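Consider the two complexes below, in which chain A is the common component and chain B and chain C are the respective partners.
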Partner chain A sequence: MRRWIINLCTGIPLSADRLRVPRRRLRAQRKGNALVEFAVGSGVLLAAFAGTFELGYTLNQYNRLLTAVAQGARYASLIPYDSPTNTPSAGFQTAVQNVVLYGAPAAGATAVLSDITASNVRLTVTFSNGVPSSVTVSITGYTVNALFGNHLLTDKPQVTYPYQGVWAPV
Partner chain B sequence: MAWKTWASRRAVRRRGFVLVTMALTTAGVFGVVGLAVDIGRMFIAKNETQVYCDAAAVSGAMALDGTASGINAAESAIAASTNKWDFGTRSLSDPLVTFATAPSGPWVSGPNPAAGYTYVHVAVTVPVTLFFLPLLVGQWTSNVMAEAVAGQISIASFSRGLAPYAAVSTDTAGPTFGLIVGNSYTIHWPTYNGNRHGCGVDNPENCFNSPPCSGDPNNSLSAVVANWGPQYHGYWGSNSNKDIEEAVMNVIQLAPLSMGNNLNPLLTPGNKQSEAGYLDRRASQDTDTSHNTPSTYLASSTRNGRRLLPVPIVNPVDPDHTNVIGFGQFLLLANGKPSDYYNKSGNGNSPYCAVYVGPYNVGSLGPGAGGSTGASSVRLVK
Partner chain C sequence: MSKPSAVTARTRGSLGRPKTRRGSAMVELSLIGSLFFVLLIGLMDVGQTLFFQQALLERARAAARWGAATDPANSAGIQNMVLYSQPAAPEGGVPSFGLTPTMVGVSTPDAGTDNYRLVVQISGYPVKLLSPYLAGSYKGAPISVTVPLGQYY
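Right after this comes the complex of A and B.
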């Protein structure tokens, strides 16, 4: 049995079949719209989340390095300084670098971050009136490899402590 | 007509829904990004300011000496702290600096008189700019605060850091053990001669070929005469020239030493000529070799502390027991650069004298504020 629907605007009776066509078209158009919106929206969201990850990851790595550097600087400020000049002895330098990298004066198996080496840990001993007065530890030449970009750290993070250990110049 | 109205209303409702959804989604996205970026930056700012406070508190505590000038020196040292924040780009200024006699407080700023003030508290607040969270929290900055407490903690034992000499006192009350700042005390005693006229425990000054240093009280002289006699001179290092060099120049001890230890097994006659050379060499490393009183030396901006010699303070109670009762810091005498004061005045019969400066605080360019042991080291306690 054929169903009739009256168009209330014009008063002309319309077959239900005639109404189904524009609805299908409408649905198809909406499907297309949703696809485009999804593509655009997900692109924006993906970019936002990728950027968020990138920044968050870099900040996290920086914070870990800052903690390690602070630990190394504090350690360097306490142990005997066995060099007559502001060039530290190999033993002193290695011990401080190990504290930064491994959290202990002796070399460990896993460094605080991947790919970081002793050459990335810079130790500066400042002399005042001929005696050690402060120690500065920093990270230099290390690249944080995030998702889409690399961030080169030059003398950052950097921590300085007053030297309060025993000077052994001989 | 009704159908059109209904469809139009439905479209309007959908537009509102999209608006609400977009708003909620945007807020959510900003929230997530804000958590990662803004909160991440706040964590770094917290870490950076904490490092600043730690280092500043340590430098401040190192300058405390129980006087108002020590408080001023501590405030200056804190103001000179160089650690920065905001990824190491911005200096910190105007930290809140207070002092206390105990790690729990009460905290006061600029105490005067300053006796007993051995702890310093440094607090700083920085405004971290927010980039994403303002949409949610309605503020463009968030204050991040950090604080640290450092203090001079009493030390009762040393495995390294003491010179191989000893000052004598029979007063066991720290932190000064009856020693008077500015007085000259014997750290290596003159040659004992029990055959000299009038020598006895009651007249100990007559028992030495040369008079001991001017600040030694009679009680100390009597204890030395009665218990050390000709055997010991207050030196407790090796007699080897190389060991003396390391002991005087690098303060490498023959053995660990603690409060209450009997120093007697470590006492040896010493090697005065060798010692004199290294004492003069150490004194010559100081950039101030002209001031021979604690007040003038400590006021000198050119000093570097090499003439300050930390030694144990001992009480010879019987011929077999010389007890360590505490520690102190002494100023080596000098007569210009290079100094040859001990070589000139340190012949076999003479004493080696040094001027008492006060309690020993490891790593400081002056005396510490003092504790029961007469020795301390700066530590972070918070």
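Right after this comes the complex of A and C.
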């Protein structure tokens, strides 16, 4: 039993003299230690590395999406709203989605993230007292693939602005 | 008394110190050390790249906001806001982050419509990497900020 009381960092048994274990046996015990230590140590290190990467990458992608969504919501809050109900017209919705994805009302070449589409951009218009009062833009159903794990984004990032444009229902 | 085993004989030096373990520390250090330093330098590179991106994005955003609040047509002033954080270029001033005026694009597309907007772009700014095999100067990912000006213009 006693021979397993060892220092995990150095592999040297604690108070070896007091335990009176022959030196030869100590060395024999230490032989396997390096391998076990390496397995345990590298496992912990790799897990920490993977976790750091996953978290950092996901936050970076989230930050990019947040910037894009805020840009789209700001655009939506300013342009004329041409639908009589809280269901936006196809033109309005497409323009907002394009601002989120490409930074311009017309579709561009490269989106904010490589595999995101217009279906991932959700636009909600809220009416109060019979007029449009706020617009909400969010990302939904998009999965961030961070190599060591996936994160499904549902209605986040989400940005809401009060509607400040002209309501001109057709 | 038992005879010393072959393993014991090999590991024991003249002063009774383990012989073969002396070199292994060096080998271990070179193996772990190179991995450690590659990780460390890679970390610095990633951090630096992200820092540059965020800093320049903030610059572009501040410049676009300034332009939208003053005069969107004043592209030289907006460009100077990106380069120097002030509308007028200072005498003998050197732009931050290794920027040059050609890297900063200012445009106002769709004038006269509801989509009238101010676009500030930064592209081709230098990012210097230190990692082995990757060391050198690279062009950073392009940055684009759009501010809608709406029907007010």
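Of note:
As a working rule, the second predicted complex is superposed on the first by the 137 of 170 C-alpha atoms of A that agree within 3 Å, B and C clash if a C-alpha of one lies under 4 Å from a C-alpha of the other, contacts with A are read in each partner's own complex, and residues count from 1 in each chain.
One rule holds in what follows: contacts are C-beta pairs under 8 Å (C-beta built on N, C-alpha and C of every residue); 3 or more make two chains touch, one makes a residue touch a chain.
Quick caveat, the model's predicted, so the values are computed rather than measured.
With the two structures aligned on chain A, chain B fits next to chain C without clashing.
In the superposition on chain A, contact of A:156 is made with chain B only, not with chain C. Which of chain B and chain C touches more residues of chain A is settled by the count: it is B. Once the two complexes are overlaid on the shared chain, A:67 sits against chain B and chain C alike. Look at A:113: by the touch rule set out above, it reaches neither chain B nor chain C. With chain A used as the common frame, chain B approaches chain C to a shortest CA-CA distance of 6 Å. The residues of chain A shared by its contacts with chain B and with chain C are 49, 60, 67, 74, 80, 165-166. Note for the complex: chain C touches chain A at residues 4-5, 7-8, 11, 18, 39, 50, 57, 109-110, 114-115, 117, 119, 144-148, 150-151.
Across the complex, chain A meets chain B through its residues 8-9, 45, 48-49, 51-53, 55-56, 59-60, 62-63, 66-67, 70, 73-74, 77, 80, 82, 128-131, 155-166, 168-170. Contact residues of chain A toward chain C in the complex are 24, 27-28, 49, 60, 67, 71, 74-75, 78-80, 95, 99, 103-105, 165-166.
Touching chain A in their complex are the following residues of chain B: 1-4, 29, 32-33, 36-37, 40-41, 43-44, 47-48, 51, 54-55, 58-59, 62, 77, 81-84, 87-88, 160-161, 245-246, 249-252, 285, 287, 302-306, 362-364, 377-378.
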